[in-house]
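Multiple structures are listed underneath, in structure tokens.
Next come two complexes built around chain A: one with chain B, the other with chain C.
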Partner chain A sequence: MKNRRKTIIRIMVAFVAGLALLTFFSNTIMNLTIPKVMGEYATRGNLAYTNTATGTIKVENETKITGVEGRTIDKILVSSYDTVNEGDVIATLKPVENSDDLKELQAQLLTLQREKEYAERAPSSNTLTTYEQAVDTAQDTLSEAQEALTAAQNKQATIDSADATILDQSSQLAEYQSALDYATAEKAGYEDQIKAIDDSIKPLADQITIYQSYGYQITIEEDTGYYRFTDPDTGLTESDPVGTTPVTDGEKIRELCYQINQYIDAKAPIQSDLDAAQAVIDSNSASIAACELAITNAETAKEAAEALPSVSDAQKLVDTAQTGLSTAQQSLSDAQVNAGIEADKAQDAADDRDKSIEELETKIAELEAKIEQTEIKAPASGYVYNISIEEGSVMEKNQTIAYVIPVDDRQCTATFTFPSEVASRLSIGDDMDVTMGYVDSCTIINIKPDPDNPREYKQVKCAINDAYAFPGESITVRADKSNKDYECVIPSSAVNKDNSGYFVYQIIGSSSPLGDKYTVKRVDVTVEDDDGTYAAISGEKLDKDAMIVVRSEKPLEDGERVRLEDFDSDKKKT
Partner chain B sequence: MDAELRKQRRLAATKARRNVFTETVHPKSYFELMTDEEREAFFARERKRSTTALKQRKIRKTILTAIGLVIACSISLLALVPIFFTFLNSFMSSDEIISNYSVIFQSMSGHNSSGATYLSRTPVLKLIPEEVTIKQYTTLLFMNPAYLFKFWNSIILTLPIVGGQMAVACLASYSFARYRKKRREVLFFSYIILMLMPFQVTLVPNYMIADTLGILNTYWAIILPGVFSTFAIFLLTKYMRQIPSGYIEAATIDGATEWQIFTKIAIPLCKNAIFALTILLFIDYWNMVEQPLVLLTDTELQPLSVFLAQINEPEIGIAFAASAVYMIPPLLIFLWGEEYLVEGISRSGIK
Partner chain C sequence: MAFKDTIKEYFLETGTLNKKRIKKIVLAVPFWVILAAVILIAAGFIRISVLTRARQEQYMATYWGQGADVDYRQMSVFARGARPVDDTTPLMYVSSDISLRKADIPVIRAAIQGTVDASNQNLPDKAKGLDTDGSPKGWEDAFSSTVMANVTLVYEEPGNTDKIIPNTDAEIVGVGGNYKAFHPFRFLCGGFLPEEQIDRNQIVINDIMAWYFFKSYDVSGRKLTLGNETFTIIGVVEELNTSIDDLAGADKPRAYIYFDRLMLLVPADAASAAGAGDAATYDAMDPAASAAPASTSDVLAIQCYEAMMPELVSGVAITDIKSALPTYALTDPKIFVLSNTDRYTLLSVWDWVFPLGETQSQLTGYELPYWERAAQITVTRVFYDMVMIFAGFILLIIGGIMVFLRFRKPKPAEASAEEAKDKSEEEIKLLEEQTK
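Coming up: the complex of A and B.
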């Protein structure tokens, strides 16, 4: 029993202690868990203030005074808003002591010019010849291999053909040989007959010769060999018959000529037969030679065919040759590409070199001109202002060291940024009210989208209608006096946006015995107008009397409980 | 047969009363007159009858027990359902509670939809949560400091009242029990009248007195009337009067002073009653609603009982957890003094 009571007492103590701890840390826990928000009631009003904008006056026809890069200012002879005439000296420059830059540029130029000269003198190398020769060689090899393959494929047919040729020619050769032998024998017979006739003619011809030596005119026809004689005494010719016994020399001669002519006539058919036999001999000799040549050729072809490799070996050779040809062609193609690239590189390098040379020449010219410059002069007449250099300062490239603005006919402008909706009510030529700034008025001369936010804002450029306006002055203008009266205007920070659109969190307060409790309720709204600071909203579910969250410690969710910042203290004060 | 036997017995009794002794012939019993067959049939019939009677009696007893059990269980269930309901519903999510019970508040007057909703919808009484969660407890204990402050308000109000009332009651009861004079009896009678009066009758005078004393809207406006409440005095007086006077006379003879008699004899003998009263008073004042509601207009001073009595729609989401936590201190107090309470009530006649 006592133990039970002790246990119960411990439980009681623990319970009370726990509640005491919770009470002690209650505010801490609540501060950590419940976000603190700042609420504000929506007001009825307009966004007239959104139609004002501030801009800076700028002179359009000002003239820039550009400095000389790298030069040091020695003395500045004018101050801001001094009046100067064109050509007046604005500042003097210290002489250039160190011209290393110029020397370096000149050295670079010289180097480039030499490189260009060497490049122009360099012979053009044709690196492709080797590759082309290799391709030709490979092509020849392939052709040979293909022929060898074809020959190998026709090897047996060649051998058979050669054998047939040898056999055929051998038989013909025998025939020709027999015909030759026969003709030779005939020829020998005919020659004997001719020789006999010639032997018969010879003594007669000798007698004729003797008679000729006696002065008889005996002619021998060249073409026929006939002896012609006309007896001067009788006038008879050799063809006239002579008596049985010649008596006179003429008759003897006529008889001799007649006999000789008879022999010649007898010799002629024999001679033709001899010629025919000789022709047969020649023909058969030629045929025999041809047959022997054909046999020799056939034997040679047969030997060559027998010496040929097998078809597979020949095919391998063809493949190898084909591969070699492909490799050679690929090498040639690669070499052509590389040669093209190298050529392009060389051309590019040459172009770059030319350009660099041109730039260097320009730079050297500019640098030489700058080195020679000793003072900066006013490019126009007017006020000098915005001098951004000091004596002893080194000028940078394209640095504007001052401006010159006209004294009388200054064209001043100012650019203002307005929301697009406000700008849509403006038009070129409208005058705008200057609410702040020492300017009489300004007229809109240009309206264009703001480059930073072209959809939301537009830049309105105005011409300043004031002869005494100076650049740099700030002026504020109002674009539109009238504005729409909105029912709900709240700070823009109260408007949130997500994928489903714009929404605000309304604070729903409830009072209970545990005190006032506040929760937030998400309400979808439509933003009618927004100037970045305040927004005009509307919505069907928007309770215009409810407080709207304008600031929160952490992101809120619909229905989340919140604490109102300083709300309790405000309530106590009231 | 029975009538004849009774007649003979009556006659024998009359003679015996008149001291007339006659040798009576012992009559044959009912069984002796029977034949064996009749006797067997009789016993068989009797056995059957007794068996049937036993069965009927058993069935009747079983039915009555079951009915009683059902009634007892129903009553117990009715008593326990709210407690179970509260504890089980405290593990529901706030959204589920709102969807189940918000219709109760919507039916109240002044609500937008008024009673029309109540007619069309009835609250869903559920014991099993759709999703068990301790969100109610975390919300209640971590995000509602006001609840904790009200809890301490309850303790600040209840403990002084119980302590003070017990101190006053012990002293006053001893006085009433020890010295019973006529004027004291009148005073005690007036205490009884005060105790019998409804609380609402004395509320207005209490308010006026507190206003006069300038303690309105302070804890003292509750504590002071509570300390001097008559209920504990009446009960403790009744209890102390049961202390035998011999104990006190013996102590007096032994030289004990009045304070020693009070502290050494009266208080220890009344320990059970004191503990029982302490528990009852704690529970009574832990649950008080009217006094703080009337006398404490500042809600920050009001105890937890007022908040629970005023649970409304914005708080329905944590109502069950708040009730469950609220029940814990009385429950612990009861468990602590359970035996004292039973004994004290039984001996003092409290019902």
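Coming up: the complex of A and C.
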């Protein structure tokens, strides 16, 4: 019980002590949560600002001294602002110890030249022949397939036609055979008759031969075969009648010739019939042969037609052939395109190679010239300045190693950038007010838009007149100066802006037994002018006797309690 | 053997006492658990509060929209570019799908202005549309890009030319639009670059640079050289300087200039390679005879575009800004868009962290400005604190259950057993005292 009482007493004492401590430091603790602000009274004053710009002096009639790419500076014989004459040696160059670059370029050139030669000697190859042959073959295959298809489509008609032909020719063959048989029989009859006549003529002809052997002139006409005899005694011929009984040899011969001629005359029509029969035989034999041939052909055609595939199969073959042809044609087309591309590539490669060869030749020539160069000379007379090389440094391509500026008659300029509005009040020929830098005069010679912002800014180019002006010096000029009085001027930092416009915070103070209390009150204002550092403001509700918050620890809100504190601007922060 | 006997004797003598001590400790565990839980939760909430309050630039929509009927949402758009040389070359425009440039700003503004006007039907037609100078109306935006450069002090008094001229490498932030509305500086002197340019060679420096050059913060009117041009200081600002800001690289000399002036730091060959025109070829007297040179500021890439716009329906503004970007592809975004407003809520933090590594993967290739790096570090730390709070709540539940078990009314059988046990222990204790 005692322990408990003691504990309670201890707690109460600690509570009272804490309360006293908090009360003692309450103001301090509270102040920690209140933002510190610094206030100033608005003052009557003016806002003065100038429009200045800085430019760098440049010499227009300077001459560049260009270095030799890849060469190392041995010694520099001049220093900045030394006077040199045209042709004076500016620097000497170390000899080229390593001509690997040149050798490499020469090797590259040789390689390219060899490539070119080989390419020119290489035979032209026609890679399309195979594809063209393939297309021809495919075309033939398609034609055959189309013919097969046509034949297949006409198969039945062909068979029917062949059957009809066979039938027709067979009947004709029979007729021809019959006629042939008849003519052959007739021919045999006629031949028998002629043989009988010839047999009759033969003994007579034998007798004539005997008479001829006796010396009688008996002639036989070659074309007719007639026997001609003229009796030398009587002068009678064979065609003259002989008596009933011939007596003399002449008469006998005449009689023989007459008989023979009679036989010949009798034989002539028979022979004619025999020839006609032979002609019939020949004609029918030919017709028979033709019929047999036609039958054979028809049978062959029939067999061939019967051996043909079906229409669908033939159509498939046509399709396959057509596909094959298309593939072959496509292959040929692709090959032609590829061949064209390859040809173009080859042409491009050849062009590139020619160009490379040309470039390499130029480079080699330049490099050889550079290798032979031992010093760099001044291209003009004057001051040397802005030497950007050191002994031992290796120069780069087109590197400007220094400039030469004339000793007299230097045309120095400087370019300044001003807002367009300010520049509009400037004119060519005006002298600018130089605020920084030492030159005799600075005269405007040109005004043009600023490439950074052509609409809002202008570049003002000035001629610098000063015998001691050197390039690289900076000068600052003033274009105009504004100075205007305002009733309320406060630091710009006091002006705030939110969704309803510009405003400032005025500090409202009140005193109480616990001390002074400050709150801020938002007052809408109009910003009449602002030079960045100070702002001129006006406002109906602006109390000119009230302090305005110019700096605060944190953003404030209307009615927020603050504590006044003087920021010591020159006190270094810890 | 003697040691063993001593131990045994010690436990015989103090066994009961130790048992009671252990029992007391065990019985007190629920309260320790609850105490640890409360500490974890409180520490977590306090740390989150401190971390998020320090990131004032994430809450500028609150200040911008004070007194307005609608809520405003602050959003940032990060685009990419290329630096042809190193970080001393400004970020250069690469292509429309991954980069933004100043020429895109009017297009974006027109699109967003249309959306803002459409959402405010009561606005008279005259009040709609962009301002005559092309600046937003009823909402605000800013854009910026950073580069490293050497800044040199200008001695204005004659005769000082022989002195060693102080110079320092500094981060140069080229800004456009109302940059000040998105970045709450503490002004030590002067003000910030006015939206409407008066002198394009004005510069605002931070306190680190001011102290380095002048050993003072009251340096308005003094001059510095940057990129061979002389700049006039119009203000000195102190940026956020928490440990996270330092970690993000904010603690270095920094200066703010107009966005276009970053061109001073672009090497001539890079500018010409990017298509900038040659002023020498342009004849001002006869513009028709020669084409006007292209604006070289178009070759500069915008690193960060920021906007604050009214939002009638929660979450719609982010869709609007994505739609306003000229080449933003919803399916394959190559420009990173995020909402600064509500960035540190539970869902936003969860979405940022999970799936693990996804956000970092999306941000690969982006150069983020220091304030965004600081904001991202803060997100990570807020996540850790949320985990801590979650662990605290788990412990709180466990502690509550333990307390409940501790104080629940025991069953009669358990109670009698407990009483008997206590009684026997008291008897043993009494016996021991008597023995002594």
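Throughout what follows, the second predicted complex is superposed on the first by the 297 of 574 C-alpha atoms of A that agree within 3 Å, B and C clash if a C-alpha of one lies under 4 Å from a C-alpha of the other, contacts with A are read in each partner's own complex, and residues count from 1 in each chain.
One rule holds in what follows: a residue touches a chain if its C-beta (ideal position, glycine included) is under 8 Å from a C-beta of that chain, and two chains touch if they have at least 3 such contacts.
Treat the numbers as computed from the prediction; the structure is a model and nothing was measured.
Engineer: Touching A:T237 in the superposition: chain B (first), chain C (second), both, neither?
Structural biologist: After superposition on chain A, A:T237 lies in contact with neither partner.
Engineer: Touching A:T54, do we find chain B (first), chain C (second), both, or neither?
Structural biologist: Once the two structures are laid over each other on A, A:T54 reaches chain C alone.
Engineer: Determine, under the contact definition given at the top, whether A:Q347 touches first (chain B), second (chain C), both, or neither.
Structural biologist: Touch partners of A:Q347: none, neither chain B nor chain C.
Engineer: In the overlay, answer first, second, both or neither for which of chain B and chain C A:T327 touches.
Structural biologist: A:T327 contacts neither chain B nor chain C.
Engineer: Which chain, chain B or chain C, ends up touching more residues of chain A in the combined arrangement?
Structural biologist: Between chain B and chain C, C touches the greater number of residues in chain A.
Engineer: Between chain B (first) and chain C (second), which does A:S310 come into contact with in this model arrangement: first, second, both, or neither?
Structural biologist: A:S310: touches no partner chain.
Engineer: Quick check on the superposed pair: does A:R561 touch chain B, chain C, both, or neither? Answer first, second, both or neither.
Structural biologist: first
Engineer: Touch test for A:S143: chain B only (first), chain C only (second), both, or neither?
Structural biologist: In the superposition, A:S143 touches no partner, neither chain B nor chain C.
Engineer: So which positions on chain A get touched by both chain B and chain C?
Structural biologist: none
Engineer: How about chain A: which of its residues touch chain B in the complex?
Structural biologist: Residues 1, 4-5, 8-9, 11-12, 15-16, 19, 22-23, 26-27, 29-30, 33-34, 510-515, 517, 561.
Engineer: Write out the stretch or stretches of chain A touching chain C in their complex.
Structural biologist: Going by the criterion above, the answer is residues 49-54, 56, 417, 419, 436, 446-455, 457-459, 474, 476, 491-493, 495, 497-500, 522, 530-535, 550-558, 567, 569-570, 572-573.
Engineer: Which residues of chain B touch chain A in their complex?
Structural biologist: Residues 141-152, 155, 299, 302, 306-307, 310-312, 314-315, 328-329, 332-333, 335-336, 339 of chain B touch chain A in their complex.
Engineer: Provide the residue numbers of chain C that touch chain A in the complex, in ascending order.
Structural biologist: 56, 59-60, 63-68, 72, 138-140, 154, 156, 178, 180-181, 184-194, 196-202, 207, 211, 215-218, 220-221, 225, 228-230, 232, 234-236, 260, 263, 276-279, 282-284, 292-297, 310
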